[in-house]
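Once you scroll down, you'll see the structures, which are given as structure tokens.
Two complexes come next, and they have one chain in common, chain A, joined by chain B in the first and chain C in the second.
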Partner chain A sequence: MALENILILAAASLLWATTFRNHGRTWFMLIASVVVIFWLQPAVPIRGADFFTPLATLVLVVLTWFITADDATRKQRKNIIILLVIASVVLFLNLTRFLPADFQLLTPSRPPQLTTTLIIFLVTGLTLLVLSRLTRFSASFLTVSLLLTIGLFLLIKIPTLSLWLSSFLRTLSGQSLTNVSINDFRWLGFSYVAFRLIHTIRDKQSGRFPSVDVVEFITYVIFFPAFTAGPIDRLERFIKDLRAPFAGLNLENFYSAGQRLLLGLFKKFVIADALALIALNDSNATQVTSTFWMWVIVYAYAFQIYFDFSGYTDVALGIAQLLGIKLPENFASPYLKPNLTQFWNNWHMTLTQWFRAYFFNPITRWLRSWEKPMSIPMMILLTQVATMLLIGFWHGVTWNFTLWGLWHGLGLFIHNRWNDATKAKAAAWATTPAKQAALNISGILLTFHFVAIGWIFFALSSPVTSWQVILKLFRAH
Partner chain B sequence: MNQEIKPLNVLIKGLFVFALFNLVIAAWQPNVGQFSLYNILYPGRERLPFGENPKQSYNLSLFDLDAMFASHVIAGTPKTDDEFRVVIVGDSSVWGTLLKPEETLAGQLNTDNLNACGKTVRAYNLGYPTISLTKDVMLLSYGMQYNPDLIIWMTTLDAFPVEKQTSTPLVANNEEKVRELATSDQLRVEADDSNFEVKNFWQKTFIGDRRAWADFFRLQIYGVMWSATGIDQVYPSEYEKAQTDFEAEDSYHDLTAPLTEDDLAINALETGFRVAGETPMLLVNEPMLISSGVNSDIRYNFFYPRWAYDEYREIMTSLSQRNDWMYVDLWDVVPANEFTNSAIHLTPAGENLLAENLAPYILENCK
Partner chain C sequence: MTTEIITSIAKFIAEKILKLPSKVISPDEALISSGLIDSFSLMDLALFIEDTFGVRIEDTELNAETFDTLNQLAALIASRK
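Take a look at the complex of A and B:
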């Protein structure tokens, strides 16, 4: 989100919270979120794609709600009204194609012809109609939708598949394939949308899914402050805030939200953007001439990514708080943690909690349930590495994200084993506050440097360049 | 704390504080350019900041002379007794377009390790990539505070047209400095010169002047990358070579033959010598590409028709003799194949040739 986007959204939220308070708050959040996913979607060279991708998000969310909602909620008449309102908002956005170009402010480019949008509405409506005739959804529906969401996720994260998708969409829209590129197709916010959808489907499968209507569900999945950069809230927590009466902003909440928002803006647009000028990237990685300066730009990247990401989180939390929603924290001083396990408990917390809940714990339980379970160290190695590899793939299925995941997976395993082996000795040694402080500080420094070196794989696109940077850091090149 | 908030009050208070801050900045006009991280945290730049693609060149163009000079190595290098300090002013050929710092004229002179009267010659590059005598004089005037022992002023005919004097952005955005030169050294400047960018009160506020503030901070931050890489411009692997074939066209800046001193900003040249005062100054007609392509009997190169340039050289010779200026005409010392993307931009070998030609003059002028 650019600064002007944030300021407009914050001003709109403040205005609503102070003017209308609880009247139509959920509707405001829903309609604003629907508009925002079109508004923030970046322009792409494939004709109409920057309009149809946010529309696809909406269709996917509605279908997921339909198959996860309980029968009584699904059959409520108000759902039809809500879906018609959402369709009207989309149609309104589509109709802005007839405005002069200077007034097409809510979409990244001129919206496409209405016909395709209407066909998508018709197909979605017919699908919902057919599904509504079913008296009961079998578990296979949930499995299919889970696989579909994961499939879409892989489609946009694996470069080869992305290229294929771009070629396919270019062909579909009658465009030349000469300049086809993986950057042709960008689906804003889908990484987060997919994780929220998977969370709801898995919770439905395990019987933990709360009863929510379509407004609550859509608002949860595409809630505009958290749409582009998280945090990944949990549905049952989100609806608790959404359903709680909102008496408008009091001074305390206003200060708290304003402070959070300003802090976020400062972190992102002052600190992170300044650090971005000197942070490690593909072009400067090969230009730096000395070990000292290589460390400086690696440190700059480590702090840039932290301030950028945590700044956006602060902005999301601040805007949400203006509307009476308390989104979960995502960062808790991760660089001040004395070991890698604690780092990951405090870095992008909602993502790690998600992976813990939906991958790490189930896989660990499954491995333990074997008749002849593998050894504990082996199990830890396997689960830690697999989890961190998946977190790497969440950012993109490339060699460098694989190496980054592997680096952290092995790091977590080594820390686990080291901790087991030395815990007693360390406790026996650190008997004074000074010794405890020394242990803590050395842990913080070691952990920070381990993470900072890991960022090299994250920041760069080539394993060869990453290796050259590491060699330079240690004067070996 | 459970009071009802009044957004209007919050808005008014916020706007008041913000307006006050802006008014203070506008009224105070703090001279932040003098403060620099260069020469303290990281080494000074070998040439004045200039760059059109900051993200790749780690360099940018700004108009704050204080900040520009504070980032230059000359500002952080105290002159020692055994240093023979040479400053070189001029256009992009001196600044060194497409050249690394060590490949520029100043860089090559430093590499040569010249010894003048028992002192080590240290050359400083004060060139700047726009062509205007007034711009050169303005930078020279600023550079005089660093006590040069010798000034080398590289110039060419295109720096002389009267209408080019104040139109270059660096000059246009430094009216105060230029007018100071008019008062102290008789530089001729029109009272109502419309080229100058005059900031009104609102443009001096923090918001009105945000570009200058941002440029100042970015210059400081890019110091890290300058230190880390030694890169201060983009070096493309390929570029278009200077033009050698021309249309049969011989016009030059609406001027007609014969070229006279009145057609040129001779006053700016004279001001330069006044600014130099007792410090010896070598005026150099810089090398240029002499083309042998289509219509090269009409034009020497992209910049100059033959008639204008030939007459300019005669004027320069006569002016120098009349004023007793130290002048050297090196217009043809560099062969055509040693030019890069412009008729005045030299290759490293071309700069080396130029340095060899200038070295004797440096050695002759030491005390």
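Take a look at the complex of A and C:
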């Protein structure tokens, strides 16, 4: 989100919260979110793609709601009205095509012809109709939608598949294939949308899915403050806030939301953007020759990524708070933690909690239940590395994200073993507050440097350049 | 009842997870948010609770939001027994 997007959304939320209070608050959040996913989607060179990707998000969310909802909720008449309202908003956005170019402010480029949109509506409507005629909902629908979501995710995250997708879409829109590139196609917010959908599908499969109507479900998945950069809330927590009576914004909430918002803007647009000028990137990585300056740009990147990401989170939490929604925290001073395990408990917390709940814990439980379980260290190695590799892939399936995932997976394993072996000794040694502080501070410094070196893989796009940067840091080159 | 649950879990955590048998864990001490129990050991705790009390704690519930102290954990177990 650019500064003007944030300011407009904050102003609109403030206006709504002070003027209308609880009247139609959920409707406001729903319609604003629908408009925002079109508005924030970046323009792409494939004709119509920047209009159809947000529309695809909506279709996917509606279909997922339909198969996860319970019978009684699914059959309510009001669902039809709600879906018609959403379709009208999309149609309105599509119709701005006929306005002069200066007024096409809500879409990244001129919206496409109406025909395709209408066909998409028709197909979605028919699919819902067919699904609703089925007397019995089979569990396999959930599996299919889970695989579909994961499949779409892979399509976007694996460069080879993305290129194939771009070529396919270019052919579909009758465009030349000469300039095809993986940057042709961008699906804003999909990483986060996919994780919220997988969470709801998995919870439905294990029978813990709360009954929510279509307005609540869509608002949860595409809630505009958290759409582009999280946090990844849990459905049951989100709807608790959504259903709680909202008496409008009081002074106390206004101050704390405003403070959070301003803090976020300062972190993102002042600190992070200033650090970005000197932070490690593909071009300065090869230009910097001195060890000292290499450390400076690596440190700058470590702080830039923290202030950028946690600043965005503050903005999201601040805007949501204006509307009476308390989104979960995503960062809790991660760079001040004395070990890597604690770093990951406090960095992008909602993502790590998600992976713990839907990957790490089930795998660990399964490995534990073997008749002849493998050794504990082996199990820890396997689960930590697999989890961190997946977190790496979540950012993109490339060699550098693989190395970054491995770096952290092995780091977590080594910390776990080290802790196990030295815990008793450390506790026996650190008997005075001074010794405890010394242990704590050295832990913080070591952890920060481990994480900072890991960021090299994250920031750069090639393993070779990353390795050269590491060699320079340790004067070995 | 609750006291018994707390005593038995505190003993398990100190001996099996922390490997510091003499450590006293107070019922209000943060276990997860403080980093005292890591995510791998948390599954040990869940399996121990399942075996000892016959109460299942789901994969999605092993976090500081569901329970962070012995008191909260004992209340959760008692409510499901």
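Quick note on the criterion: the second predicted complex is superposed on the first by the 477 of 477 C-alpha atoms of A that agree within 3 Å, B and C clash if a C-alpha of one lies under 4 Å from a C-alpha of the other, contacts with A are read in each partner's own complex, and residues count from 1 in each chain.
As a convention for this text, a contact is a pair of C-beta atoms (placed from the backbone, for glycine too) under 8 Å apart; a residue touches a chain by one contact, two chains touch by 3 or more.
None of these values were measured; they are calculated from a predicted model.
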Side-by-side fit of chain B and chain C on chain A, or clash: fit
Touching partner for A:290 - first (chain B), second (chain C), both, neither: first
Partner chain(s) touched by A:300 [first = chain B, second = chain C, both, neither]: first
Touching partner for A:21 - first (chain B), second (chain C), both, neither: neither
First (chain B), second (chain C), both or neither touched by A:368: second
Inter-centroid angle chain B-chain A-chain C after superposition on A [Cα, multiple of 10°]: 130
Touching partner for A:254 - first (chain B), second (chain C), both, neither: first
Minimum C-alpha spacing, chains overlaid - chain B and chain C, in Å: 28
Contact footprint of chain C on chain A as seen in their complex: 203, 206, 208, 337, 339, 341-342, 345, 353, 356-358, 360-362, 364-365, 368, 379-380, 383-384, 416, 420, 423-424, 427
Sites on chain B touched by chain A in the complex: 1-5, 7, 10, 54-56, 217-218, 221-222, 224-225, 227-231
Chain C residues within the chain A interface of the complex: 18-20, 33, 35, 38-40, 42-43, 46-47, 58-60, 62-63
Footprint of chain B on chain A - complex, ascending: 14-15, 18, 248-252, 254, 274, 277-278, 283-284, 287-290, 293-294, 296-297, 300
